[in-house]
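Labels run A, B, C and D following the written order; every chain starts at residue 1.
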């Protein structure tokens, strides 16, 4: 076959290049930007799934209380219900007012029932959209905290438009004229996570996961058995270091040695440090540049083969392209 | 073309290359006649699935369709292996369909109006969206924007392509980003939801049409009905996640029989074009 | 009291002035622009209420079928339900594509139950807002058809935000960047009517009514008896000629001698003639002028007393002010 | 000030100019102490109504409030007569309240931030909105726009003023028009819903705040509870149309106790001001 490989984006090159690509991210924040640094610390994918789901991990409201000051929660979608599985409001981050929106899991069965195990209904995503608009209107940076098994798959969700609400939330983020930093706290489950997951910088805690479908769901489809979830997790490359290699996240926030659940304060401090550093950078970038860079960031995902006759000039991955690199250089100033 | 019948019983008394039993009314339909009727049951109007190529033929004006990006095909970003490696699945699907991936895109005239057209192919790995579908839909939207032509997408998909993992998931943000630019520029975007349109395709561009049409009886939903049913531990009511259910719940503008689709889309695009004359998207 | 009357707007001056003010409206359309012309034809307010509510009057879908061509209905609010009490879509009016949205009453008890007697739920107003946005996005003129006893006052309406949805619909209309013509077909009931009632030109059928509360509701509050509705109707000045005098509507569409219900075709033709003439005018006005004139039109309602020391210069009613008059003059071209 | 108690029984054993019985917990409250506690029950936290003047005092920084348009008063556009003529009702309400109509507007500092403040007065004909309320709210919004200052409105109203008929109805469009311009200019608008906020005021500016706050237990609804109850022929559940009900259904951002209102509003306005520095509405 007379085709040449043409990488339209997506996969990061091996270690040295990738450090050059976004090494600036690590500058002030102690972030991990090179998955190869983590080789010694990596666990099995299935362990990663268990850790990311650990009920004693710090969840959104706790992270907000620890990393932000003066949080005032805002409620409701203005049309149906206040969904407890999504929380959000206005807070200060190191003195800077921001809008923060996150998925909220419980730390106990009782709390999980109240929070629907962090699985939002459509009205939750519509509340998120409303808060995104508040951020945009008043030029407040937006921080989102992703932590959900996925959007709630029950019939009420279907009746009220789970798919429409997720699509609309993603659309709102792609064009939101204010800086956005995403942090994956624990479980990034499918489209229900992505509805909070489109931003200028996407960070993830070291033991978090992010996947297109739950390992159990994948196993049921691929191997016709939910007990094959471990095998599915292995195939899916859903652990944080994989996500870093794939470019799905820009950097990882290191967790305390035993995992985030062993030291909530240290975890929260690390998140705060990372957020402050990223927002400092983004604050210096004109909004029009943010928007075009955000577009290119997500535009670049996907590795495809294209025959050369249709490809006049090979395209470089988004983080290596002129405009984006210029932006990052400016962001380092 | 052999028709698949995922819902009802297999035809028994007739050789299956000649006859197909309607899963809705039980009528035995002569395949050639069924194809002539756009794969719609002549007795009860049940809409069988329709191939992507046939779909292009009934929407694009004769000889107007020019395919674009036909040669894009997928790599294997994860090195994914389940019961067989992902590249083998792709090769099999390519051999089966004669197509490189699960969407056909191109320029066409529709009822005389120049449009960019994208038609998804359920036969290719369940119409799943990986990097190629995402890239082709995005290019289609970008070309619609650059040339200020309406974008028409016919969706048919089981959702994001699992074998490309989070790279497939990111196609939702990628395609929506392009659609959002189209929206901001005031360029019309029409989607047609066909049987089935689910998961990450419904939760991205398919739901965001200025006009959202659906075919009668099409299965349309975010979660698989099996998952939903297991979530509540009950059977779901008849008609759950069907096109008419979405109409009633406010997510679909019209349920349109297949033989009226082209005229209907043409009507809307023409209304938008006349109104926008010398103003925005029309040239 | 050393005050001078200062009319900030609202009441029309007597006949000659008012004809001069908006006489152009009558030019092509046979509209009634001077209530004094109607003296001989006026009925009692209570008769007007009965006629406006007559179940055999032409309702929205019938008017759309008769006055427009090629109507294609669009359904749904994209978040909860398709409300059958509000209908809308795209149609052609004398060859011009427009968006039309109306409240739909039934012509029979059965149909009325299906249409909820023309009383929309919040999702109906949210569908209307969505269609308003379609009109704006594609530069289609908007025609609204008002015919409702009011927004549905049941508990589901309260739960899903009847008030919020009405306020949002009104807000959408006040700033919608496309021409809007409102036609009151029968009953204009309160805020639930106003959610479709803000436009550049507001017309009403000769036997329609428009009121802040139903006469029965007013009687229950004012006279502590719903049977005093006739007396309340008298006090409220809700009949079409009153509305014309008050400036709430700009002109009346004459009905056939026995009332609209006696000749649907003639009524529909009269509506079509009026709409075509008004849209022809509005199509020539730059959208920025439409928006400022629409703002001033509704800004001017309310007659108040203000002491002269706080009023440097008396303000003229909106239809007599320079910018607005200029607009109307331009619209006559 | 004599407190009205529309919900519970009248106090029995105490002279009513000295004591008020809490309709929520039954406690007998010494009026002076109640007033010192911002008309909030010291035992159970029940929020009694608060006069418009007192409301201005607890929101505006000391000596910062400058009233505007205080002398506007209503004419009688319809020549309205029920059991007595409308002008007589206005005169009686003016005599009772010492105010010309049902809203106080002015410029103030709130937690150090220059704002335009409007406070509705339920004592004046049930806080109903006629031409004067509509005009003063509109002027307040227009001044906020011209001077690029946030607008804060405390709502307390039975709805549109029946005696001004459709002219009162049109105040909904009039005020919303001004609010929409404020919104487009990116200027903050905060509303506080107090007991009661209903009808045409809730269905216009009161629902459209960027931030919507409500006082605990406040009655907030579109239709009167009596009408709603008659519509379904059933009693309504406890808590229907109360502030907490609206919070649960997604229409209120926070239910805020009276003594925290000023600080809370100040927090939001300050966040918006800091973020917007040198950009939009702040000077």
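Quick note on the criterion: a residue touches a chain if its C-beta (ideal position, glycine included) is under 8 Å from a C-beta of that chain, and two chains touch if they have at least 3 such contacts.
None of the values given here were measured: they were computed from a predicted structure.
Chains that count as touching both chain B and chain D, per the definition above, are A, C.
Note: the chain lying farthest from chain D is B, by mean C-alpha position.
Across B-C and C-D, the chain pair carrying more C-beta contacts is C-D. In this assembly, the C-alpha centroid of chain A lies 42 Å from the C-alpha centroid of chain D. Here the CA centre of chain C is 29 Å from the CA centre of chain D. One finds 48 Å separating the Cα centroids of chain A and chain C.
Within chain B, residues 249-251 each touch two or more of the remaining chains. Of all residues in chain A, those that touch two or more other chains are 78-80, 160-161, 164. Viewed as a contact network, the protein chains fit none of the simple shapes, being neither a path, a ring, a star nor fully connected. A complete list of chain pairs in contact reads A-B, A-C, A-D, B-C, C-D. Within the complex formed with chain B, the chain C residues making contact are 70, 72-82, 90, 92, 96-97, 123, 127, 134, 137-141. Contact residues of chain A toward chain B in the complex are 5, 8, 10-11, 151-155, 157-164, 166-168, 170-171, 173-175, 190-191, 194, 197-198, 210-213, 217-218, 221-223, 232, 235-238, 243, 246, 248, 294-295, 298-299, 301-307, 310. Partner chain C is touched in their complex by these residues of chain D: 69, 71-75, 77-78, 80-83, 130-132, 134-135, 138, 160-162, 164-174, 176-181, 183-184, 199-200, 202-208, 221-223, 227-228, 231-232, 236, 240-241, 249-251. Of all the residues in chain D, the ones that touch chain A in their complex are 186, 188, 210-211, 247-254, 264, 267-268, 270-272, 274-276, 279-280. Interface residues of chain A, counted against chain C in their complex, comprise 78-80, 122, 126, 160-161, 164-165.
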